[in-house]
Amino acid sequence: MINKKVKSVTEAVNGVKDGMTFMLGGFGLCGIPENCIQQLVKLNIKDLTCISNNAGVDDFGLGLLLQKHQIRKMISSYVGENDEFERQMLSRELDVELIPQGTLAERCRAAQAGIPAFYTPAGYGTEVADGKETREFNGKHYVLEHAFKADFAFVKAWKGDEAGNIIFKGTARNFNPVMCGAAKTTVVEVEELVPAGSLEPNQIHVPGIFVQRIFEGAKYEKRIEQRTVRKKS
Amino acid sequence: MGLSKEQIAQRIAKEVKDGYYVNLGIGIPTLVANYVRDDISVEFQSENGVLGMGPFPFEGEEDADIINAGKQTITTLPGASFFDSALSFGMIRGQHVDLTILGAMEVAQNGDIANWKIPGKMVKGMGGAMDLVSSAENIIVAMMHTNRAGESKLLRECSLPLTGVGCVKKIVTNLAVLEVTREGFLLLERAPGVSVDDIKAVTEGNLLVSDEVPEMQV
Amino acid sequence: MINKKVKSVTEAVNGVKDGMTFMLGGFGLCGIPENCIQQLVKLNIKDLTCISNNAGVDDFGLGLLLQKHQIRKMISSYVGENDEFERQMLSRELDVELIPQGTLAERCRAAQAGIPAFYTPAGYGTEVADGKETREFNGKHYVLEHAFKADFAFVKAWKGDEAGNIIFKGTARNFNPVMCGAAKTTVVEVEELVPAGSLEPNQIHVPGIFVQRIFEGAKYEKRIEQRTVRKKS
Amino acid sequence: MGLSKEQIAQRIAKEVKDGYYVNLGIGIPTLVANYVRDDISVEFQSENGVLGMGPFPFEGEEDADIINAGKQTITTLPGASFFDSALSFGMIRGQHVDLTILGAMEVAQNGDIANWKIPGKMVKGMGGAMDLVSSAENIIVAMMHTNRAGESKLLRECSLPLTGVGCVKKIVTNLAVLEVTREGFLLLERAPGVSVDDIKAVTEGNLLVSDEVPEMQV
């Protein structure tokens, strides 16, 4: 067993620098690497490019990095729910590249799996395809999209073991698995870190080979964006 | 005039057939789930990674880790599954989802759709809409017939940046049910109390009207 | 819940015809759809194209179809361990297309996921790339490969539920998951079929949306090709 | 003359470093696992879908569902995982596997490798070899220095159909350890009792020899 455990979030994000490109898991505020984000805020590194489906809210998630003007560019599919984001985007302090959600996921997966480029129908005939190669297969039109390149992937899982194997819970899975191994260094924070051998080998969502560092995160807030409930009748 | 949002959802629910996997967009489409007949089997997919969504959770039972693409807390039904975003869009792109219902700002008579961007205004992003409309074989648009300025949203050509080309098959508005055909919007049904002329007046795109246009049953 | 359960293997393979293209899961004899194969033998349909990593052995797996000359073409990565196969191949009764194993897996996955084509480094500079488009990305050479098209995928899983959700055991997983939904109709046979709701939603390997028919197979032989053991010392 | 197959495996085992994920081909490479130092952490991947392979099972404990790419029954160690073929080749293609050790029929001095096809003979297929050699950054070939006819397997150019181009970094044969360099095969080590001239005599490709070539430690 190759041990991927690191002692702290400090050690986990070791090597992050100004100007780097990061991938960050999560959909909305669900399944985001809370501890890593807080550490990046603390380190105050700047000029970051962040590949993340969303951009957090004003006072949580990637919103915390935005507040401190640490992000130069966001690559996302949807960036609502964030006033400071809007302000920086409209004032052109922040560069924003919006891409289809499935393309975002597949470009991560391509980076993970050593596929340099693939064709997808998403965005054909729209401004998303501007300047990109398009091609017809079996009478349907497709756009050529490329694998992402990133320095770090920050991933949040539910449980993990010291070998770096991880398991997700519910829809907190989302982009996290496809970002593992899609960057030069993959850092995973988990709610519970267990010894190697504790997880059933058939149930592991992402094998440890895609993970360089793993640690147990502290004090998960797991904020709910849209608490929607019904009354017991 | 015409249907309420709930009634639009109710009418669209009739398009949901036994054995369908359905992806519902945010807004009116979300309401469709409430009106699907309970004697047929349908599963709802949400592109953030869940199949087999159930109703909202009871108060106090919500789980931050179980949400839909609208970021709302949800529950799951027996037979549900969770998966990652790549597999989720594999379902969508690979045409395993049978029906996509989503909102729109504009639909053109050739089936083009615009629903993600208004130049000059804050752009929030397309989310999964471009993947959905470029992949689904069966797309129904749920929207009001006109925008807030009273202008038609059913056009000869979309004026806003496109989300997808030639993909919309059917449209249900507060006034009518329409099918996208090679010649334009074919008027299939009128909302109760709405005349063909009422619909003509707010349909900029080519409208095809047969001798008798039945009233919707909602 | 959309019920995918069919009563028998007869019903499961309903619609198979001469000249069709099938995908069949399994690696060697591990994780092969034993019941479906036996039924295809029984139906004696001919001129089949089979996409399967291997071709079975003389008296088991796809070897059974070969014995009856039901297969016209094999698309595989490795076809050893089968004398009848060799005879038919050398006598040109059987057409064989050999492709790299990773390309085989990815072409299935592409079909499942609606990706018409992708670039892979496998086979660049070899006869596998003959007649195919090649392209350089970041100084490395790649070959363009296309999604498979198939009529039926026959898949073997460990457990499944009536909604078509399935779970695999050990290395019997192999090509089975990526073939689900990669053909027009996906037929899954399982060792144990349970009611919907019995499987933990986080642990499902392939959601039922990719499966059209599921049934509990009978009398699994699960033959071992290379029984390799060590003595207790 | 030179090393036994076990000794070749033993020598290659020294190339396996702490923290490596390693894919072992069929034949001599499989033996390497037996000789890796037990004070370092290494995990073995098999392309049919397992990471963290252990030794062969005890008699009576073999499981038909748990095999390696050579179709042999195996066991797994704590921290092991199972996965599908697409993810497995994602590991390989995505260069997450640190070292690939495989056999060859021929290696050319530019790093080309041929190991899957002899025209006119029964062709069994390339299996995962083409994916492995086109992806791995670190490839070691384990083979005999000559074929059964006594002819060199280290050539100027491969005569057999290629498996991959310019990919082999190191070769360990029964006679020598060689590195593939821009100018040809650089002789790094001699097998015990084997002279540089012995090696020259059976190396058809360009052989680079420094003044002193140490003997292998096995």
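To keep things simple, chains are lettered A, B, C and D as they appear, and every chain counts its residues starting from 1.
In this section, a residue touches a chain if its C-beta (ideal position, glycine included) is under 8 Å from a C-beta of that chain, and two chains touch if they have at least 3 such contacts.
Heads up on the chains, UniProt names are A, C = CoA transferase subunit A; B, D = CoA transferase subunit B.
Fair warning: this is a prediction, and the values are worked out from it, not measured in the lab.
Relative to chain A (CoA transferase subunit A), the chain whose mean Cα position lies farthest away is D.
Interface comparison, B-C versus A-B: the higher number of contacting C-beta pairs is recorded for A-B. Between the Cα centres of chain B (CoA transferase subunit B) and chain D (CoA transferase subunit B) there is a gap of 56 Å. Averaged C-alpha coordinates give centres for chain B (CoA transferase subunit B) and chain C (CoA transferase subunit A) that are 36 Å from one another.
Here the spacing of chain C (CoA transferase subunit A) and chain D (CoA transferase subunit B), counted between their Cα centres, is 28 Å.
Touching two or more other chains at once are residues 106, 109, 113-115, 120-121, 168-170, 173, 201-202 of chain A (CoA transferase subunit A).
Multi-chain contact residues of chain D (CoA transferase subunit B) (touching two or more other chains): 82-83, 86, 89, 92-93, 135.
Contacts between chains, counted with the stated touch criterion, involve the pairs A-B, A-C, A-D, B-C, C-D. Against chain A (CoA transferase subunit A), the residues of chain C (CoA transferase subunit A) that register as touching in their complex are 106, 110, 113-121, 135, 137-138, 140, 142, 146, 167-170, 173, 201-203.
Of all residues in chain D (CoA transferase subunit B), those touching chain C (CoA transferase subunit A) in their complex are 46-50, 55-74, 82-86, 88-89, 92-93, 112, 122-131, 134-135, 161-166. Chain B (CoA transferase subunit B) meets chain C (CoA transferase subunit A) in the complex at residues 19, 21, 41-43, 45, 51-52, 76-83, 86-87, 89-97, 135. On chain C (CoA transferase subunit A), the positions that touch chain B (CoA transferase subunit B) within their shared complex are 1-3, 109, 111-115, 161-163, 165, 181, 195-197, 201-202, 204, 207-210. Interface of chain C (CoA transferase subunit A) with chain D (CoA transferase subunit B) (complex): residues 27-31, 53, 76-80, 86, 89-90, 98-106, 108-109, 120-128, 158, 168-178, 205, 222-232.
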